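You will see chain A twice below: alongside chain B first, and alongside chain C after that.
The block that comes next holds the complex of A and B.
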């Protein structure tokens, strides 16, 4: 991935929060992460990517961030089921929106959501994973993009 | 008389948001489904006038579901509500028989406007 492609994801995640809540997140400096030390918060939504590009995109967020985000989108049910649903939907929306730039061969899976210590998440070990730290209000999350 | 609406999306939150928004605009939600297969079954039973349709779903995706629904009722009005933001996906959905395309994320105003456009002079 090059800088321009990374910028695509920064713009999309910023626009997502802006559109849904009126407040864009603070995006920290992107950095390269090792497959064994990627950020994992309370809920993680993973989208598998196939086609011309292969790998995964995932969104991981603190419970409190997702709770606030749910309330902002008008959903009063902040159960764990809805927090899981939301993190999957955020990952799905960001990945789907990326097709505007990458085209229809950027094929996305349905989201897989894991909660807690998501040891099951595997990014391609041969590919660099870019981590975009996010802070929205005072809560933390991250967008991780690992694409061949 | 309220129009009958079916919502098809694998996200409970999206189904809930569409339900909340369109229930205030003379639409009665008669069915909701989280995948295309269930949508086809519910469509036959509930005979909605309008369908909102996600594309990326388990078991049967939205494009396949649109084809199936159009076979049952060629006059059904379908608004695709999807995160897939490339032009070719929107064009393909319209070719399959959808009449409108709304890209996620969307606001309540975006959804209302898209439905009003879909319904035209009704």
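The block that comes next holds the complex of A and C.
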């Protein structure tokens, strides 16, 4: 995966935030992490990838960020269920757009939402993953791309 | 011969035909009997009339006579005339019956011929003859009255003269004749009824046989159908393939194999539209092509073999999401074969297989081939490189890349990476590039160069956003992968070296040294142990004078050799008969060398030509002794298992005796060697040999400064 393809993922997330709230998130410096040291916040939306490359892409966010995002779009119900749905929606947006961009070589799944438990997310263990930190209204989130 | 094509129903049809024939026969018989009885009744009736007519005749004659005697005639004489007429009519009737019985005449009130006549039976014929005899004179007298004259009284005197004496006789004879005819009729009827009963019985037996035969055949064909159905069910339940029939409307047949739903990953029911089932699993293009392909196969004018290669479902990848978000890919092969009836395609037999394992293996094989090719190229340079320098490079590369990654991670979200940090990254990259070039690792050197260029570009930018660091992260990831690849190659080389130990140069043989006390003692110990175990061994020694070593080294060498001898004779060397079978000499050979390596170490080499170390036995022993779990044991390779013989308490021997079994020998040797700063290596080939190599540093004892001179090398 080259920088161009990484940028596609960043753009999808940025555009989602911008469209929903009028403000794109700040993208932090990208770095690499081992499977055992990847950031996992309160809610994580995972999309699996298979085909030529195997692995997953996930977006993970703090509860506060998701709550704020909901309030921004005029949703007053900030229960865990809604926060979970929201992170699922972000992942779904990534999934839908990425499918359009990468074509049939990348098989992209529908998203799955994982709350909290980092161990439930299966990432390839033999390679380092790209970690793309995101910051929106001082709340942290991250986009993680882990492909073999 | 006319063939009706009745097949298995032939016997049933024959039986039913027989049944009908029997029934018709019985019906006809009934009809005949009833007609016969009617006919016989006429005869009996006629015979009965004789009795009545005789009585009537007698009565009329007596009345006429009475009238004459009492003078009760009317003056006209009409009444007596009428009575005479009556008398004559009675006699005529009698005569007519006789004529009828004789077969000549037919009574006016009879519609058909008589079936039963007295002539058919001797007794009846005699009786009938008697009747006629008795009747004849009476009849003559009656006929004499036939011409009465008006006004004259009829004279019945002569008639009465013959009538009175014969009347009773004639009456009784007629009676007997009637009874005889009745008996004849009854006998005939009984006979006919018996025939009728027999016919009915035959029809009933036939019917029972039909029932039996039909039910039998029904049961037989039912059981054949059931068996066939059971076999089909068994096949469909057991087969590992997804099977079903597809009709021209793309509808699946009512029966599908149990494995189908599992293979497709969706619930597949008979009668469903196959294309609807397929739609969510494949891309729209594959869906359209599949539809066209099936339509093509259903056409009669297209050759099946020609279009088989067009099957778009020959290998399709479908994916399912697991609960943790991982996408699980499976590969399916769905094939279609025509089902023909009268050379027309009626259905397609669809076979679905999960070929994930095969496809993944093929891909792994390709990857592995590519990796091996890459590694082979790299291996040439790695084997040429100095191992220590290579290890240093890898350590530096790993540290350097970690440092760069850490700088990326801690970069300021607003200002990004500072110029001094970029300079530091450049320095790391440059140094690694130089080191890689020195080791002839051209690919790494080029990647480092490209990385330097990316960093230079970044440095040149006045404003650096975080996204500008993406190329840096991408290059760092690539470099990590290259360093890992080199480590993999080194590990592989190490694995090969570890198992197939490279033979050290043999020290020259010195007969004097070969006879020294230590060697004698080892030889004696080996012989003694072998004798106890029913084995044969020879020990040869080449190399340094062990006595000339420092006491510490001497003790280490002696202890090690003694343990190696014990290990070799107990576990390695086979019994003479076994060795012979394997094409080895009956006597096991133990070779001991001790040589000066010239780098401040001596090497003890101990080799036996026994059965070598069997990693599987160690695996079993380790699991049996609870040292490792069966799962862990399964994952260990031969090298890791071989090295386990140096672990305490792990003996492959089931029983403990004075020779072995406690598993404390080799771990003690290892412990002693490492205490002395030495190292031990092992090489083995199962069934061929086991080779221990021990490197020990030569350390001068404080009170023995001449130690190096005492190491006598035999040149």
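The definition used in the following text is that the second predicted complex is superposed on the first by the 145 of 148 C-alpha atoms of A that agree within 3 Å, B and C clash if a C-alpha of one lies under 4 Å from a C-alpha of the other, contacts with A are read in each partner's own complex, and residues count from 1 in each chain.
Throughout what follows, contacts are C-beta pairs under 8 Å (C-beta built on N, C-alpha and C of every residue); 3 or more make two chains touch, one makes a residue touch a chain.
Values in this document were obtained by computation on a predicted structure and should not be read as measured data.
Overlaying the two complexes via chain A leaves chain B and chain C side by side, clear of any clash. Of the two partner chains placed by superposition, A:41 touches none, neither chain B nor chain C. For the combined arrangement built by superposing the two complexes, chain A sits at the apex of an angle of 70 degrees to chain B and chain C, based on C-alpha centres and given in steps of 10. Judged by the touch definition given at the top, the superposed model places A:110 against both chain B and chain C.
With both structures placed on the common chain, the touch criterion links A:9 to neither chain B nor chain C. Using the contact criterion defined above for the overlaid structures, shared-chain residue A:139 touches neither chain B nor chain C, since it reaches no partner. Ranked by how many residues of chain A each touches, chain B and chain C are led by C.
The superposed arrangement places chain B and chain C with a least CA-CA distance of 5 Å.
Touching of chain A by both chain B and chain C, each in its own complex, is seen for residues 104, 108-110. Against chain C, the residues of chain A that register as touching in their complex are 1-3, 6-7, 10, 26-32, 46-51, 54, 56, 58, 104, 107-112, 114, 120-122, 127-128, 130-131, 133, 135. Listing the residues of chain C that touch chain A in their complex gives 283, 317, 319, 321-329, 405-406, 408-409, 411-414, 416-417, 465-467, 469-474, 476-477, 480-481.
If you check the complex, the residues on chain B that touch chain A are 10-14, 16-17, 20, 56-58, 82-86, 88-89, 103-108. Interface of chain A with chain B (complex): residues 15-16, 19-20, 70, 73-75, 77, 81-82, 85-86, 88-89, 92-100, 103-104, 108-110.
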